[in-house]
Amino acid sequence: MVLHRKSKEIGLSPGSLVYLGDKKEKPVQITVINYGVEHYNQETAATVEDCFQYTTADPITWINIVGINDVKVIGRLGGAYKIHPLVLEDIVNTGHRPKVDYYDDYLFIVLKMLYSATSNQAIQHEQISLIVGKRYVISFQEVALDVFEPVRERIKKGRGRIREQGSDYLAYALMDTVVDRYFNVLEGVGETIDALEDAVIHEPAPETLEVIQDLKHEMLFIRKSIWPFREVVSTLIRRESQLISEDVILFLRDVYDHTIHIIDTVETNRDMLAGMLDIYLSSVNNKMNEVMKVLTIIATIFIPLSFVTGIYGMNFEFMPELKWKIAYPLIWLLMLVVFIGMVIFFRRRKWL
Amino acid sequence: MVLHRKSKEIGLSPGSLVYLGDKKEKPVQITVINYGVEHYNQETAATVEDCFQYTTADPITWINIVGINDVKVIGRLGGAYKIHPLVLEDIVNTGHRPKVDYYDDYLFIVLKMLYSATSNQAIQHEQISLIVGKRYVISFQEVALDVFEPVRERIKKGRGRIREQGSDYLAYALMDTVVDRYFNVLEGVGETIDALEDAVIHEPAPETLEVIQDLKHEMLFIRKSIWPFREVVSTLIRRESQLISEDVILFLRDVYDHTIHIIDTVETNRDMLAGMLDIYLSSVNNKMNEVMKVLTIIATIFIPLSFVTGIYGMNFEFMPELKWKIAYPLIWLLMLVVFIGMVIFFRRRKWL
Amino acid sequence: MVLHRKSKEIGLSPGSLVYLGDKKEKPVQITVINYGVEHYNQETAATVEDCFQYTTADPITWINIVGINDVKVIGRLGGAYKIHPLVLEDIVNTGHRPKVDYYDDYLFIVLKMLYSATSNQAIQHEQISLIVGKRYVISFQEVALDVFEPVRERIKKGRGRIREQGSDYLAYALMDTVVDRYFNVLEGVGETIDALEDAVIHEPAPETLEVIQDLKHEMLFIRKSIWPFREVVSTLIRRESQLISEDVILFLRDVYDHTIHIIDTVETNRDMLAGMLDIYLSSVNNKMNEVMKVLTIIATIFIPLSFVTGIYGMNFEFMPELKWKIAYPLIWLLMLVVFIGMVIFFRRRKWL
Amino acid sequence: MVLHRKSKEIGLSPGSLVYLGDKKEKPVQITVINYGVEHYNQETAATVEDCFQYTTADPITWINIVGINDVKVIGRLGGAYKIHPLVLEDIVNTGHRPKVDYYDDYLFIVLKMLYSATSNQAIQHEQISLIVGKRYVISFQEVALDVFEPVRERIKKGRGRIREQGSDYLAYALMDTVVDRYFNVLEGVGETIDALEDAVIHEPAPETLEVIQDLKHEMLFIRKSIWPFREVVSTLIRRESQLISEDVILFLRDVYDHTIHIIDTVETNRDMLAGMLDIYLSSVNNKMNEVMKVLTIIATIFIPLSFVTGIYGMNFEFMPELKWKIAYPLIWLLMLVVFIGMVIFFRRRKWL
Amino acid sequence: MVLHRKSKEIGLSPGSLVYLGDKKEKPVQITVINYGVEHYNQETAATVEDCFQYTTADPITWINIVGINDVKVIGRLGGAYKIHPLVLEDIVNTGHRPKVDYYDDYLFIVLKMLYSATSNQAIQHEQISLIVGKRYVISFQEVALDVFEPVRERIKKGRGRIREQGSDYLAYALMDTVVDRYFNVLEGVGETIDALEDAVIHEPAPETLEVIQDLKHEMLFIRKSIWPFREVVSTLIRRESQLISEDVILFLRDVYDHTIHIIDTVETNRDMLAGMLDIYLSSVNNKMNEVMKVLTIIATIFIPLSFVTGIYGMNFEFMPELKWKIAYPLIWLLMLVVFIGMVIFFRRRKWL
């Protein structure tokens, strides 16, 4: 999962479109939203050709494409919008790290979206690609999750300033939504970690180890997604481009702060998880200590006593004590003294 | 706690004011101090509108607002002082890292204040926001702690140079007070660590582990607050702005030295705490070693002796030794020899 | 293996050609491919002199030399193509890290190729050297592996844009193929690691340790190869040279992304392997805990019971209980009570 | 100790002189040395006013002040030599890291001096402050240690080039002396570490742990002093100032090399100490292993033998073996065989 | 050893020549080689004055001085060749890190030479100082090892280009020889590590720990030598000087590659050694696990069986079973069943 199965294509020439992911959406869903301050129109495109009219269209067009396994669709769209073949290849090749590439007429942004299925804790991810032109944004998703629904709502209802702004603001809004999902996922992880901390001290079990290990993998994965994400935002802020306005840069700075916040949280989690393994080991050793103490106490008390009984179980003919009437009670007394002595010894050592 | 619950607002458009913290102060307390070299006036504003007159007022005005949960108050104040909506959002959004943003007419500074409740050791924190204009400083606190009381006293009594200086010096004084709280908190932590070091070597217990783990979290938290704090001060020193005078930069350098000192202390504490876990593990193993030695000594001495008694406890009819008169004392002698031999063996190995 | 046996040549003057590797190919195989948009010609050169005609030849010539142990061949080729003696020395000296050197008429690129023999997991490597001139590429391999076969196929069949491009594109294609082998090898490693993770928690064995240690070495080795590889690509992208066209730089950027991806994967693997050792230790301790519990339970139950039987095995003449008819059943009852008490005790402690 | 008790002064305005250290010298000792190539005069100043004449005096004046708890003395001296109030505050505030501040007429240098009391190993430190003017150096020490005596001797006897050089050379000589003390202290630490290495492998004891932990703290402390010290020297070398001549920069480079050397040694020591904890743990486990082996060997040999004697200690009426004459010797033979078998088993496992 | 005993000279003024090492060569050996393309002359100088004639001599003169404990010799030579006193001090002060200093007429280079005595593994080192003038190289060694013999041979026999090149090429050749010794030493270390890896998994012993620890120290030491060595070479390559020709820079780049290679190897070794300690710990725990299993199996089988025999060893008058004829065989059967049950139990747990 972590490693993109690049090996399938050894020998392929670059620029050939082959979808390498394992999430097949059939058929590809294309949604087109065309909007301006006073204007809003949303429709589902039956074929990719329906989107071509927007290349020179009204204020802002947002084309959202769900399912990138049908590479022909991507190819034809790329032709209409004059997208570089390497960009199209990157869109369908889901093994990329987040990055931003500058082209003359558009920016190409690759992001990683996180989501956690509700039933268990495994974190899923999909690649989100954005092509940000002067008047349009084309977004590509691997699966049909309604992650962009809030943005669609805001455009539809004209809430906030989104209807008054350009395609760069729309791109910002989409990136902001992606970042919010990271917070969402990390919150769940945080709760799991809190629960683990208790478990690891009081009830260490091999299963706890497995959960810790899984979380460490997930933190590694999020880390690998968010660091280059931060780089993307940082590049967008620093590098001048007529596609990103001064206004939107202020908002991107906010996204940048969020990515730093996420990195902080991930690093903190990693630190905590690393510490937990040590604590787990300490707890296991503590438990073993308890076990050993019980064994030692019992054995140390009863082995000498058994020795005493062994002596008077011997069958020598000439053992004068065996004839004494007082011997049996005396032996009981002796054993009592030994027993009490042992208990005092253990109390002194704080084992009892 | 560590992670700001950003997820509540997925889909919110930026600029909407929603307080995300959990510290509600009712009602909002507004204190206005207006002062100059010869002049001092302090009053409690009943409504936020009472503060609007100071935008163009006498030498220096300090508006301190406690309680940021009433977002309408913040909004109206922001309008009067022409504060950017994103700044207002950052003030009520308490999940921010310390930062400084430069605007044309004012600086916006976010800091984290630490305080430790007296009864237990959990470190609390609140967000302090400062808006530093040419002639005014507006400070925002989440809860009503008298952290700024010493500064208020200095202004009132005209001690030091505070009455002769501008709003930048006031901002410096407030930041210096915040830094002092870090020293205060770290001092308490240092004492706890000193006590822990002894405990971990001589009386390792699972509770010690929990305290170590808690302190590690706190160090992680302070670290996450103080590093960006240092960045804030460093930016104020390096970046030119007509809002910060040359004079005040000298004082800010002092604050910068303090933040480095705090970072040093936090890193030292982290190092010590990390080492403590190893020592804890060693101590637990040492204890187990002690337990095992006791068991081994007792078992190793008495198991062979019991074997001897077992032999002469057998009921064979033809065991000539059983008839000997000398046998019983001889057996005692044999066992004594074995016992002394064992003791010598253990002494040689330094187990006794 | 990891350390190049430089010591054999202490005292040698630089520029003397001595092959230091251990892979002898006899005889050296020389393949020459001469191609243009419309033109394709492949032949096997009998002697190195057959290659000399291509120094001023048609569009693009690719000379592939397998086996660098025959240093005279390298020397004569170097003479014909006016290659610097230090470059020739670097070609036969297989202990080099990946690097790129700029000369007036050509670039000299050293890479490390990875391959894993199918039967076991040991990762092999060989040094690939490329000399990239205006119209020719000379590639040197240590052993006859068909790693460049896909590129040869693409040229032959005229697939992709390779026939239309210059020698720089050919160099890119070869480097891309090398990078692909890294993915290939890492994929195998990834599967091994997944399998190990289970083994380490549920069946820790000394052999597991050895596999982990071997993988750690391999990751260290790949790391040492891929970091300077990345540097090579980065230098090719950044540094201006009339030998690398703008077009090809776009493709090199893709290779650069791949190397970063590989570095990410290697670092993740290293992190996981480091964590596995801790888990291994925890698992071993857990196992020991289990063993100790069984011992403790059995010993703690039966040692006191044996003590009881020992008492009534004593041969004192005056032990009134021995005469009681009820004594024997009573003793059974007592032992049953002790047994049940112990079981309850262990259940409470969750040892049973 | 590590943390400067800054909390005592929360609310103090900057510039107020309060001594925060715990080393009170009464009364303050002031030594004035005035010297040139041909000229040397040393006297002890009764009051601070006696030093004021030297502000415009002959070639070079060195004023050494021991004891900084009398803040009034510092204040008056500062007035005469026109020292900035923040500098005076830094002199008495002993919690500072080493640093250098540039003022128009003088440099202000803060250093940490180390010394180890002879009887035990605790490393002490005091703050050394230097004010380096064109014709004078004022040095401040917390306690009366003769650390600067060698420099005084060199001036007095006119050894080396010190009498021919300016105040910058004097400052260099003082800094060099401070650095030498670090070597002195580290040498002692090195010997302790060598001794510890043996102890930790052959005789691990909880006391060893405490010594290791103490040394780690000391290394942390030295590290915190020497890194900024290096920065100070580096700044003096790089930054142009008419107070430091080209000649003296050559000598400062030597001091710089020394600080790097010290940093190297400290890092090496830290590495060794960190490794020692692991070795300690291994040694403790090794010891436990030895203990367990003894227990296992004894128990494994004698428990089965005791079982055999137990069988023939049973009182069944119909046990035919009990009647056999050969039985008793046979049983001895059997036990001997079992014993020898066990010994062979343990020898094979290399436990004996 | 690691720490240069600087403390002996606290209070010494800089520039005084005192040899601080512990390798005394008596008397100092001075070899002078004067050579050009056609010319070669080697002689042993009886006194240092014999070398003075070469300051303005024929093409290239190489003066090799073995033994630096006779500081007067160094002093006089320094006078004749106009060497700065600080340089002379650095030559006899053997505690220096590798470095290069630029003076007007010469370069001063300090290196660390490694060599391993054949009988055991301790790595020795000596300081090599080079003074590289326009027409001469003066090299200083502490002890008479024939490390420069190969260079001498090459000059004598006129092999390679050494006779045609200047003093800079000679300096390069000497540095290259020093680097080669590092490879030599590391090769030996590599073989030791390979052997250790096996030992640590299969036969962990406290002696293994000591070897690991020794190797870690040696790696730390080599690291401290090679990093600044790399800096030296890097400075020589980057910084312009009329003493180093363009040609020689190409060769120095080769040395630079070698130093990076050595650093890589050292870091890899450090990584492996660090991992080995963990593996050692795991192996020790594994061994203990084996020991515990044997104990547990034996004890768990025989303690219950002994309990059974204990029961029928009791002397109660009314134990009906004792009278039964079938009892004794039955008890054997019971014990057999218990024994087989235990074996099955242990097999299930994979302990047998």
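Annotations
Think of it as A, B, C, D and E in the order they're written, each chain with its own count starting at 1.
Everything that follows uses one rule, which is that contacts are C-beta pairs under 8 Å (C-beta built on N, C-alpha and C of every residue); 3 or more make two chains touch, one makes a residue touch a chain.
No experiment lies behind these values; they were computed from the predicted model shown.
Chains that touch both chain C and chain E are absent from this assembly.
By the document's definition of touch, chain D and chain E have no common neighbour. If you lay the C-alpha trace of chain A over that of chain D, the rotation comes to 145 degrees, to the nearest 5. Averaging C-alpha coordinates per chain places the centre of chain C 43 Å away from that of chain D. The mean-CA centres of chain A and chain C are about 26 angstrom from one another, to the nearest whole unit.
Multi-chain contact residues, meaning those touching two or more other chains, occur in chain D at positions 278, 281, 285, 288, 292, 295, 299, 303, 306, 310, 313-315, 319.
If each chain is drawn as a node and touching chains are joined, the picture is one closed loop, every chain linked to exactly two others.
Starting at chain A and stepping first to chain B, the touching chains follow one another round the ring as A, B, D, E, C. Partner chain A is touched in their complex by these residues of chain B: 2-7, 9-11, 13-16, 84, 86, 95-97, 99, 206, 209-210, 213, 216-217, 220, 224, 277-278, 280-281, 284-285, 287-288, 290-292, 294-295, 298-299, 302-303, 305-306, 309-310, 312-315, 319, 321-325, 327-328, 331. By the touch criterion given at the top, residues 149-151, 153-154, 159-162, 173, 176-177, 180-181, 183-184, 186-187, 190, 197, 201-202, 250-251, 254, 257-258, 260-261, 264-265, 268, 271-272, 275, 278-279, 281-283, 285-286, 288-289, 292-293, 295-296, 299-300, 303-304, 306-307, 310-311, 313-319, 349, 351 of chain E touch chain C in their complex.
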